[in-house]
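Chains: A, B, C and D, in written order; residue numbering restarts at 1 for each.
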Amino acid sequence: MKFQPRLFSDPQLNPATEDGWRRRWFDIIYRHDTPPSRNFDLVLVLAILASVIVIMLDSVQSFHARHAGVLYALEWAFTLLFTAEYVLRLATVRRPLRYAVSIWGIIDLLSILPTYLSVLVPGAQSLLVVRILRILRLFRILKLTQYVEESGQLVGALWRSRRKIFVFICAVLTLVVIFGALMYVVEGPEHGFTSIPTSMYWAIVTMATVGFGDIAPQTTAGRAITSVLILIGYSIIAVPTGIYTAELASSLREASHERGHLDRRGCPECGLEGHDPDALHCRHCGTRLPAPIG
Amino acid sequence: MKFQPRLFSDPQLNPATEDGWRRRWFDIIYRHDTPPSRNFDLVLVLAILASVIVIMLDSVQSFHARHAGVLYALEWAFTLLFTAEYVLRLATVRRPLRYAVSIWGIIDLLSILPTYLSVLVPGAQSLLVVRILRILRLFRILKLTQYVEESGQLVGALWRSRRKIFVFICAVLTLVVIFGALMYVVEGPEHGFTSIPTSMYWAIVTMATVGFGDIAPQTTAGRAITSVLILIGYSIIAVPTGIYTAELASSLREASHERGHLDRRGCPECGLEGHDPDALHCRHCGTRLPAPIG
Amino acid sequence: MKFQPRLFSDPQLNPATEDGWRRRWFDIIYRHDTPPSRNFDLVLVLAILASVIVIMLDSVQSFHARHAGVLYALEWAFTLLFTAEYVLRLATVRRPLRYAVSIWGIIDLLSILPTYLSVLVPGAQSLLVVRILRILRLFRILKLTQYVEESGQLVGALWRSRRKIFVFICAVLTLVVIFGALMYVVEGPEHGFTSIPTSMYWAIVTMATVGFGDIAPQTTAGRAITSVLILIGYSIIAVPTGIYTAELASSLREASHERGHLDRRGCPECGLEGHDPDALHCRHCGTRLPAPIG
Amino acid sequence: MKFQPRLFSDPQLNPATEDGWRRRWFDIIYRHDTPPSRNFDLVLVLAILASVIVIMLDSVQSFHARHAGVLYALEWAFTLLFTAEYVLRLATVRRPLRYAVSIWGIIDLLSILPTYLSVLVPGAQSLLVVRILRILRLFRILKLTQYVEESGQLVGALWRSRRKIFVFICAVLTLVVIFGALMYVVEGPEHGFTSIPTSMYWAIVTMATVGFGDIAPQTTAGRAITSVLILIGYSIIAVPTGIYTAELASSLREASHERGHLDRRGCPECGLEGHDPDALHCRHCGTRLPAPIG
């Protein structure tokens, strides 16, 4: 059974009417294969990117000080634009509720809400960057290209190795709890290991070889335990890579196998299978083969 | 020969009696396939998780200051609960000593001892997090699901590559000793490399690409040596991944081979099985085989 | 279709004349298979390396203070040498413009310009290290050896996995934007997360397990989010390795397949080649094939 | 052609005489298959480990202060012991010079020289840790076990991928030079990038995801360049792993292939090859096969 990346395909939405402006807008918004809908998609992607950049610039102190007014106006402009698009989407679809509770509907809502919230709660507008998730629609625009197959392979291999990865994450978390508590006892609050959760944060940072250095062992015993933890993490980092690579390699092999040996004809004389798709005669007994089926 | 992850299977324990309350409790505690025993397992896992969370919260200064009394009471409650369970396990099994010295019996004991110890030695209760190891029983509860097969594959591949990993760890430790001493000579105590063991700790932290930065080279020669060490570590990190991936891929391939090419035809003359899918005659006695089924 | 690493092959350049000194110099500069041209290549590579080392030493304060005059003179000497070579290359080739706009022509120009610029803009000479790119010509000198095939395999596998890597980079950047904004909101400017771009820089540093530690989370919520980000990054680091390894393994397998199973028999009747090693009859016309040779 | 890890095999040394005490000592020192020689090997390995531990402890300030006399005595004792062994090795072998210039002879000499040197140059005794290299003799002791085959596979795969790794290291070093110079120009000495070599050290530390944090970018442009460098390094880390894994997987596959399909018999009737080693009849036409050859 092949994994179907449903996230990148539209939910089964139908136009609200068979005719009229709502039908026309439905085609523009939800389809991706006509010139007007392609232009709409392009404008949408550019607007999303521009809006995210505005939010980023707004968070830079020096930029905010000089251009606060412009940035504020742009933010509201983008929010109104996306609100209009959201309303239009609800209006043109036959079952608006189904769209509203779909994953894309929720993302669309989340990407306009914070601006309205910021009137009440200052600072909420930074959460607008959730808009960047809307960029994933890009994959739907590229639907006809090869990118979907590629990302389908990647996500599919992740999906098939999910149980192995779950087992692995459990093992890592168990190690993190044990080593976190051990370091809390050995190093203690005076060396930065102020509590078991803090020590667990340190253990994750260390095992994953990030190593910020904001907390670091200072006693000999602590350093010895750290060395052991690092060596374990170093050996264990191979496991997810191994899982994923083995899974991906086997799916690539199967894909090339399917392409290469799609011929299901058996020889009418000797029964041999596995002929080349362009073979006319059995390679063993020379009998004429039937025409390829697949 | 396939690796059997014995850790996740119960030791061969038998009930103390054939009948009575001890028999009933044995079934509840040691079996995992009846409704009462499933409920017992669920309660146990939740109690373990709750108890570990209590220990973690107790280590947070601000939390401890406000809720010291409640946390103290909860800790003793969980300890008494687990003590009761431990005694029950000993009482219902035919050979209590065999359970007591098994790996699970020792973990069960270690997860209650620190509370009693903490009366004498303050601070010992942090060691209670060893209780988290009891959560591994979870795997026994899930025994019938696919997780055991998956973790069996992962552990099996680790097990088959144990000799290669041992050789690799030896090579890493040799490099650590050499480079640690070299840096101790080159950088010296004034730059943080206070002793050879400290330098070795730094070498492990550096080779495994953790890089805390609490100790860092400051002379030109030290930095040049560090660059060489990093490049070696960078090339060498591929080795455990390579070992593990190759081993896992070959075991996955064999598994799919077994599934895919299991020709179920038996020879009508001598009964031999395991023929190639394209075989027309028995490879042992030469009798004509029937047409493949699958 | 096989990837051809065109970067390492000369553009199709022809000598300006059939005879005379320009023809002789063209052979020396652009060919790599005669003794004079080999000597020229060797001198060139040594001059490039020496010149880069001079630039490096010049940037070391203590060295610059003592030997400023010598280093200055050497820098101009190398620049004049490379300028002479550049003019010679333009003069001996039939279509100088084509060489000037080729990637090699641009690198050659960039590696002499900064010295002349430094008369106007002090400090520009550090950009001279772009000269190191000229060392890639080394690969052309080694053209006849096996290195080109090896690097061709490496680059080819990268090239075939470019779409998967693009999808992966997109996923990473989306995560970086989301987590960067989240940490900006949670930790805020007082803990070093001064703006969303700064937080994104931190998120990249953390996900890639570099972990400088110049910025590090200090609140409990920030550390929890960091732990999640690290675990995601830790699982995700497997993906590019998996992509690349699977691609490289499949290309190595194909290469060994081509070498191993190259059945060289042609059909005596229709001349078709490329039969399976165990084929007895031509798969096209059914004629009996001769016994395999290799 | 298979790679032979010659490092782990003794050079072709012959005893100095056919009889007498030198012959007896030669057997004890250079052979590994008689009880006395096994005891000698064991004592030697223990002495090496003990001597390395003494050197390590001696470098710890607090330990040195209290036990300086004992450690000094032990150090000289081990040095005299190893000197005696070195002289004995020279004396019992027929061609002492050949042993003296072999890699093992040089290591043996280097592991006693620093003690004598320390009389003249204080502090030289830290270099004694080179003694740890002698522990590699351990592999010769384990010669008859499977470890040699395992490390042979690991080293063999490294050896076959040496050209690819060389190409990779060249690419990394080119990137390091370019980005090092770029950061020197962008960040400058006031942010810790004091010279191009220092910047190159930083670039190596960053690309390999070590990230000490002793030097870190502080300008926006510097952080943007760092992000690019990290993303490149993150993608590139896959390359050595990919090279090594693919090579190791293909060598493991070949090894299992060799074991599985060693049967080179062809059917006398139809010529089919690739029979199971235990097959008595051709699986295609049922003709009796000749007895296996290999």
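Simple rule for what comes next: contacts are C-beta pairs under 8 Å (C-beta built on N, C-alpha and C of every residue); 3 or more make two chains touch, one makes a residue touch a chain.
For each chain, UniProt lists the protein as follows: A, B, C, D = Ion transporter.
Bear in mind the structure is a predicted one, so any value in this text is a computation, not a measurement.
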Farthest-lying chain, centroid of Cα atoms versus that of chain A: D
A-C, B-C or A-D - pair sharing over half of the B-D contact pairs: A-C
Approximate Å spacing (C-alpha centroids) for the pair chain C, chain D: 29
Centroid spacing, where centroids are CA-atom means, of chain A and chain D in whole angstrom: 41
Junction residues of chain B - those touching two or more other chains: 197, 200, 209-213, 237, 241, 243, 245, 247, 249, 278, 280
Chain B-facing residues of chain C, complex: 209-213, 241, 245
Interface residues, chain B side, partner chain A - complex: 52, 55-56, 59-61, 123, 126-127, 129-130, 132-133, 135-136, 146-147, 150-151, 153-154, 157-158, 165, 169, 172, 197-198, 200-201, 204-205, 208-214, 237, 240-241, 243-245, 247-249, 252-253, 256, 277-278, 280, 291
In the complex with chain A, residue positions of chain C that touch it: 163-164, 166-168, 174, 177-178, 180-181, 184-185, 189, 194-197, 200, 206, 209-213, 216, 218, 220, 223-224, 226-227, 230-231, 233-235, 237-239, 241-243, 245-247, 249-250, 275-276, 278-288
